[in-house]
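Before anything else, here is the set of structures, which you'll find just below.
Here subunit A shows up in two complexes: once beside subunit B, once beside subunit C.
This part shows the complex of A and B:
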């Protein structure tokens, strides 16, 4: 079986390498063509214009002039053609297009929200787009992070987003920041842009961005999405509230779900990301008459959207109120008690004696009578499970202790607990130990869960 | 077809996960036509054990208008009102 797995994996790699080679070859040809074209142009320019040297040097000067971008007073011929369908809108028009061209927007996060937001804003003709993301493209991102693709796996998300944008609209000046946004760098970056889009995936960065935007006076278009739900709010805009006005204290870390654990329907992030792009265009073109509001989207409810009317900012807000106590950026990881990423942290709740390696469990699986409890949610258990395992989701375990008790043939029957990544299974062992102290001789969690099982024991077992 | 005076509660995101219902009707105490938002919060915490920690970090709106936390004691929820419980959604 392993040999067959290796074969199919080899096959996959061969296909991938050949696809990348082909793309590389096409790009080389294109580069050569363009270089030739450029050479020809430069030569003809050199022949026809004796002042060419002077022109070249002024051109270089404007290119390196980064701090004060030029204010464009008109559109180029190429732009009329590209944006014709929106230029003819009476609510947008040429003045709207020019405002977009002169606007810079920072998108923090090139994930499920940032991907559609960046694509639409670049396509619409935003002059400068900054994209911040420290992460790399993974296969499990692609169902929602549609700015990346299969060939970009392992590449920086910020760079991958920039590549897509440059293919889509070369007129957009896209800057990729392959960094983790932190207190030490946030203000410097935020200050370079007119509008900021919060497309992040964690609470700590949300507070950081909020504070950076209030301190530097930038509107913050904040979107959030999880499972089938989404939210959209504009903070620090038109005397409206900031994130801290609405959520003065961060939620307890254990209550926060990320997309990896909670799940997310790709199109839900798409809906919110597109709305963020729309809101950015409305602010950039000064075409936003709506009062401050919080928009709630719920894919499974009717109506799909609800709008909550917000008040103006809170007078006693610690950040944007009349007497602020926060006047510079803080330590947000400490404030929130959770990291600036949405990765599931690896839990170490048990000692070595209460744990078992998947390989060792595999060896005793058919020899020793035992009970295997899978503590994942039932929807996950239904995706794939080990034969003879019993599904009791972690949250139901305290109420279903009696069931576990009935499963034990003798008091000495060992119990093993498994989950997806090996975190919940450790909590489950602790719950079992507390409730069945006298009945249980051995209860252990399988280290690394089904993920590790798949890698070390059965490569046919799906990783999801 | 009871004569009890009711209010409607809407649950969003994690609040809906905790209660397992998108909305529900709550009867006002007998003989009363309103209750404070603080009393309602306490009632909901008793009704749904898992909702309690979520309520501490959620926004409230009454009839789609946001209510500030400092008003929870004084603001009254009346018969027919719709109260929404909105926890922050921070994924992306």
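This part shows the complex of A and C:
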């Protein structure tokens, strides 16, 4: 079986290498074309006498870090052709296109929300697009983060997004920031842009971005998505509230679900990300008359959208109120009690003596009579499960203790608990120990859950 | 004392605390805290006692909802309606929404 697997893995690698080689070759050709184009452009610019144009070209070349970006007063011939279908809209027109060209937008997060937002904004002709993401592309991102692709697995999300954007619209000046946005760098970056899109995945970064936007006077277009639901709000815009006006205190860390644990339908992030792009275009083109509102989307409700009227900016807001107490960026990880990423932290609820390695469990699995309880949600259990395991979701466990009791042949029958990653299984062991103290001789959780089982014992077992 | 029929909705994950039900019509006394008319504060405490299925700390904090939950009354931010002091009326549509942080 192992030889067969090695073979198929080999085959996969061969295909991947050949695809990457092909892309590399195409990119080399493209680089050559672009370099020629650049040379021609620079020559023609040198020949022209207008000082302003010279200035623009130098600015573009050195990335506009400290100097003000150029202000374009007209479209190029190529742009008329590229944007013709939106130029003829009476609500947009040439003035709208020019405003977009002169607008810089920062997208924080090149994930499920940032991907469609960046694609549409670049395609629509936004002059400068900054993309911040510290993370790398993973296979499990691709169902929703459609700016990346299979070939980009393992490379920086910010760079991958930039590559897609440059292929889509070479006129867009895209800047990739391969960093984790923090108190030490946020203001410096935010200040360089006109509009900020919050496409992040964690509470700490949401407060950080909110504060950076209020302190530097930028509108913040905030999107969030989880499971089948999405939300959209604009903060710090036209006397509207900031994030802190609505949520002065952060939520308790245990109330926060991330996409890895809660799940997310790809197109739900797509809907919200597209709406963020639309909102950015409306603000950039000064075409936004809507009052302060919160838009709620639910794929499973009817109607799909609800728009809720929000309070105005609060006079006593600690950040944007009349007498602010927050005047500079803080430590947001400490403030929120949760990290600046959406990675699930590993739980350590049990001592070594209450846990068992997957390999050791594997060895005793067919020899020792025991009970194996899988505490994942049933929807996950139905994806894949170990033969002879019994599914009792963690939240139902306290009510179903009787069932566990009935499963024990003798008081000596050991009970093992498994889940997806080895976090919930630890809580489950504690619940079982509390309720079945005298009846149970041995109850242990399987370290690292089915994920580790798949890596160390049975590589044919799916990882999801 | 009469009964008020109101619609409660849960969104953004709050429904998980209420048996995974997204919408529910309930009838509550017009004067839970007699003789005073029923307010949002009374409703939240009534919900905690009568509807909440698990982990009350993820819904309430003191006599209000926990940080990170936004309450909407008839499609308006409850801050515009008087928050905890708002007097519930027959037919009110009240939404409890948790902010989503995923992306």
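Heads up, the rule we're going with is that the second predicted complex is superposed on the first by the 426 of 464 C-alpha atoms of A that agree within 3 Å, B and C clash if a C-alpha of one lies under 4 Å from a C-alpha of the other, contacts with A are read in each partner's own complex, and residues count from 1 in each chain.
The rule is short, and it goes like this: contacts are C-beta pairs under 8 Å (C-beta built on N, C-alpha and C of every residue); 3 or more make two chains touch, one makes a residue touch a chain.
Small disclaimer: the values here were computed from a predicted structure and weren't measured.
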item: Combined model on subunit A: subunit C and subunit B, fit or clash; value: clash
item: Touched partner set for A:298, first subunit B, second subunit C, both or neither; value: both
item: Which of subunit B and subunit C A:311 touches, first, second, both or neither; value: both
item: Touched partner set for A:346, first subunit B, second subunit C, both or neither; value: neither
item: Which of subunit B and subunit C A:113 touches, first, second, both or neither; value: both
item: First, second, both or neither for A:262, with subunit B first and subunit C second; value: both
item: Where subunit A meets both subunit C and subunit B, residue numbers; value: 109, 111-114, 199-203, 206, 223-227, 229-231, 246-252, 255-259, 262, 264, 269, 294, 296, 298, 300-301, 306-311, 342
item: Complex contacts: residues of subunit A adjacent to subunit B; value: 109, 111-114, 199-203, 206, 223-227, 229-231, 246-252, 255-259, 262, 264, 269, 272, 294, 296, 298, 300-301, 306-311, 314, 342
item: Residue ranges of subunit C touching subunit A (in the complex, touch as defined); value: 11-13, 22, 54, 57-58, 66-70, 72, 75-77, 79-80, 95, 97-103
item: Subunit A contact footprint on subunit B (complex, rising order); value: 12-14, 22, 53-54, 57, 59, 61, 64-66, 68-69, 84, 86-92
item: For the subunit A and subunit C complex, residues of the former touching the latter; value: 109, 111-114, 199-203, 206, 223-227, 229-231, 246-252, 254-259, 262, 264, 269, 294, 296, 298, 300-301, 306-311, 342, 395
